[in-house]
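Down below are the structures I want you to see.
In the two complexes that follow, subunit A is the common piece, with subunit B as its partner first and subunit C second.
So, the complex of A and B:
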């Protein structure tokens, strides 16, 4: 017989390294045609980070993301980056990128102020122009400013910057400190069905609410959450590296290391909880590893809700669940309190 | 050595290969069509999916000689910078793909589905992708993208087009 269950799990997760330095650097160059070039040492592995970094440059300079050429991952020509790890790219690399763009912009604003005969503080960069905030009709195209800065004033509009997250080392006596500059939070709810004759679990639905700071690119945030949930479902129910006594992996292929297929994935409802981080670029924090943190615990809680057994080692395979159900039934027969027979 | 000749993406291709050469290896190594990916070489992952005479198959499981005289469609025949197949256009719009390793096979599997069934249900899309593993996306936006592609005029009007004009 199949039993329905619902489980909830909440998590927090830190962005960047634990106290240790993990700097990023970036160079932004505004070209004479009003486009910009970003040099970053970080890599794109499909998560969309170069898209987001390009968007950050575009936002800072008031141009469109298509006009930002991103050159990445070759540290012969780009600054070094600590890497696409620790869910840090948007937060740490993004801050370096934003600061570099801001430095290039400050040159453009100074040049534009001279060209327009106004004060720098009166100006803003928006819509591919530098314009007077209170009188936007008084404006000059970013391309003309960049050209003027380069050719006439001898001040190429370049910026370079580094960012290392501000942290406070933890006191070994008290445990006090601030080991990370930002934290993200999430809650996931899973609905499952557990077959008490086979131990099989079907995940019917996942609801995921994630606070990642400002979502610079909401579709990419969703993509990370969806992918993380797929990994979390695999971690909860099927993925396990098995070794023989000699330490050799005995399931080194996709026939017996089982990752979720399209048929195993439930519908996912995502709620991006917008918040604003004061340190992050435009308020952004991060989304990456944390997306899968609550999935397995939410599924295990749902299994408990469905059939009353606690599985405490992953993955919760059908065999383990069935054995736990049998054990519970036997102890119930012996008149033990519910719960005592749990694994 | 065996002579093989097949129509690949609308173009006749010939090769002389040892009998044990897979279709995937002749596509990738002899003809340089590296769009089809080698994920596992044993039929588990679907990254090598191509159409042979309109049926989706794992190119790593077929020998090149078995495909002699037949028509093959690979991802290279589906679209390019000038023209995207509606499935690819929808994937681009929805940010369906992340690392992209699964994508050539998934696009081909989706085409095989839509050619047969231009108005699939979500469950039918899931079933059509069951042999294509994706480590990155959870399939969510891929499934949405295929559903959206089915609403594109080229699909709803029943025109099955590819860049090379090959169906």
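So, the complex of A and C:
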């Protein structure tokens, strides 16, 4: 017989890592036509970070994403970066590219102020223009400013910058300190169905609410959440490297090491909770790693809700769940307290 | 058996739902969004750029299969490299004989660890040999690299290498490895990284608690399973610069490790990473790059190594299994008063990113909850198993499994709604973390309420 269950789990997760400083740096060049080129030492690993970094540059310069060309991942060409790790790219590299773009922009604003006959502080870059904040009709195209800056005034608009998150070293004895500049939060609720004859679990639905600070690109945040949940389902139910008694892996292949396939993936409802981080670029934090963190406990809590057994060693394979159900049934026959089906 | 555990809706829950307490954050006002929202047409042309559903710069090449990964690259005269790995979990290497292998068809050169100028690497401690020379510590340690004209010829030649071992006692259980009398895998202590977090007085907290909950949780060893197994190519440019193409997610560190292992100036090394087909933490260190650089130098030809799936499992890193002992003291009204946590991480044969993992796991272990008395200690322990290192979440998925399982057990025993107990204890704006940090932009409660609302948690009364 199949039993339905629902489980909830929440989590917190820090952005960046803490053992040492973890700086990023960037170079932004604004071309004579008002497009821009970003040089970053981070590496695109499939998550879409280059797109996000391009959007941050575009935002700072008041241009659109397609106006920014991103060059990455070449130690001879791009400046240093601590790397695509620790959910840090949007927050740390994002701040470095924002600061580099701001430096290029300051040259453009100075040149535009001369061209328009106003003070620099009166100006903003928006919608491909540099314009007077209080009187937007007074404006000049970013392309004209960039061309003028380089050709007429000899001031090519480029910027370079670095960023390192503000942290406070932890006390070695008590661990007290400020190890991270920012944390994100998330909750996932899962619906499952558990077959009490086979122990098999089907994840029917996941409701995921994730804080990422400002979502620079909501579509990419959703992509991270979906991918993280796939990884979390594998952790909860099926994935495990097994060893023989001599210490040799016995399932180093995708036939016997079971990751979820598209057929195992449930519908996922995603809510992006936008908070505004005072340090992150345009309020952004990060989202890469935390997406999988609440998935396994939400599933395990749902299994308990469905059949009253609490699996405490992952993965909760069908075999383990079935054994726990049997053990619980035997306990009930003996008149023990119900709900004591813990493994 | 089919009956559901009772979860009462408490009066508290109603109040909490009516009035979110998330500091300066606005209440949830947005209506439902579709499960999958199409990318906005024209988003790439819009200003302001932030917040737009911009189409990824690289999506067209991914979808049409025209993205060029490392394994898609080839250079004239390029050789292929395969690595012989240990058949012992822990042993002294008595001899390595490559004579027969060098005579095999297509074989151009071999490389052993004693030919590597500085044969060690590692992010915290440089305790891992690029190729093992005198001792193997797990069944993934590389011993000999063979460069041949084809991948098949390199694979075939591996069988012709003769290695003799003197087996040493092996440790597979971190709880055994942590004992003072256990055989040592490196140096004089198998515990190689620890983290302690202390706040308040946990024993006093337990004494003041109405109920104590204690349980041990365990997690498994997990592989990242990136779509693209690790791959690299090394070649020497005519001007003497070493150019390495590598699916490495941290090229700045990768170049530093290459410079160190090869004893070369950094400006004579160029590392290019192209696009990477999934990292998840498994591509955060050098793997074969120094080997390829030296074989390319020896043969004066470009050389490539692409891991097959088994290489990826046994010779890259994996997620730490953690044994987690949780003890939590609560008041009858559901408030958490004290929590002690002991984490023992199966740290595998080499340190890799364990120091970071034990740190993050310890910092996060007590959960996103206001608990006045906390004591956490975490230890990473050497075993003779596959190297455990960075993986998406750095210890957080493991400890979240423990703290969230225990939260549900507490709620169940107290007859509270699992949502209510989390709302009652969860961090909010300005809460102090377990390391004494004042937290900003805390959206925990809003995520709880939003997920609850989206799923119909309150209506169902589950």
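Annotations for the structure displayed:
Heads up, the rule we're going with is that the second predicted complex is superposed on the first by the 335 of 343 C-alpha atoms of A that agree within 3 Å, B and C clash if a C-alpha of one lies under 4 Å from a C-alpha of the other, contacts with A are read in each partner's own complex, and residues count from 1 in each chain.
Definition applied: a residue touches a chain if its C-beta (ideal position, glycine included) is under 8 Å from a C-beta of that chain, and two chains touch if they have at least 3 such contacts.
Being a predicted model, the structure only gives us computed values, none of them experimental.
Looking at the shared chain after the overlay, A:253 reaches both subunit B and subunit C. Once the two complexes are overlaid on the shared chain, A:219 sits against subunit B and subunit C alike. When the shared chain is aligned, subunit B comes close enough to touch A:265, but subunit C does not. Once the two complexes are overlaid on the shared chain, A:229 sits against subunit B while remaining clear of subunit C. Of the two partner chains, neither subunit B nor subunit C is touched by A:333.
Contacts of A:48 after superposition on the shared chain: both subunit B and subunit C are touched.
Touch criterion met: A:278 reaches subunit C, while subunit B stays clear of it. Annotation: subunit A residues 45-46, 48, 219-220, 222, 228, 231, 253-254, 259, 268 touch subunit B in one complex and subunit C in the other.
Residues of subunit A that touch subunit B in their complex: 45-48, 219-220, 222-223, 226-231, 253-255, 259-263, 265, 268. Against subunit A, in their complex, subunit B makes its touches with residues 39-40, 42, 44-45, 94-95, 97-100, 125-127, 129-143.
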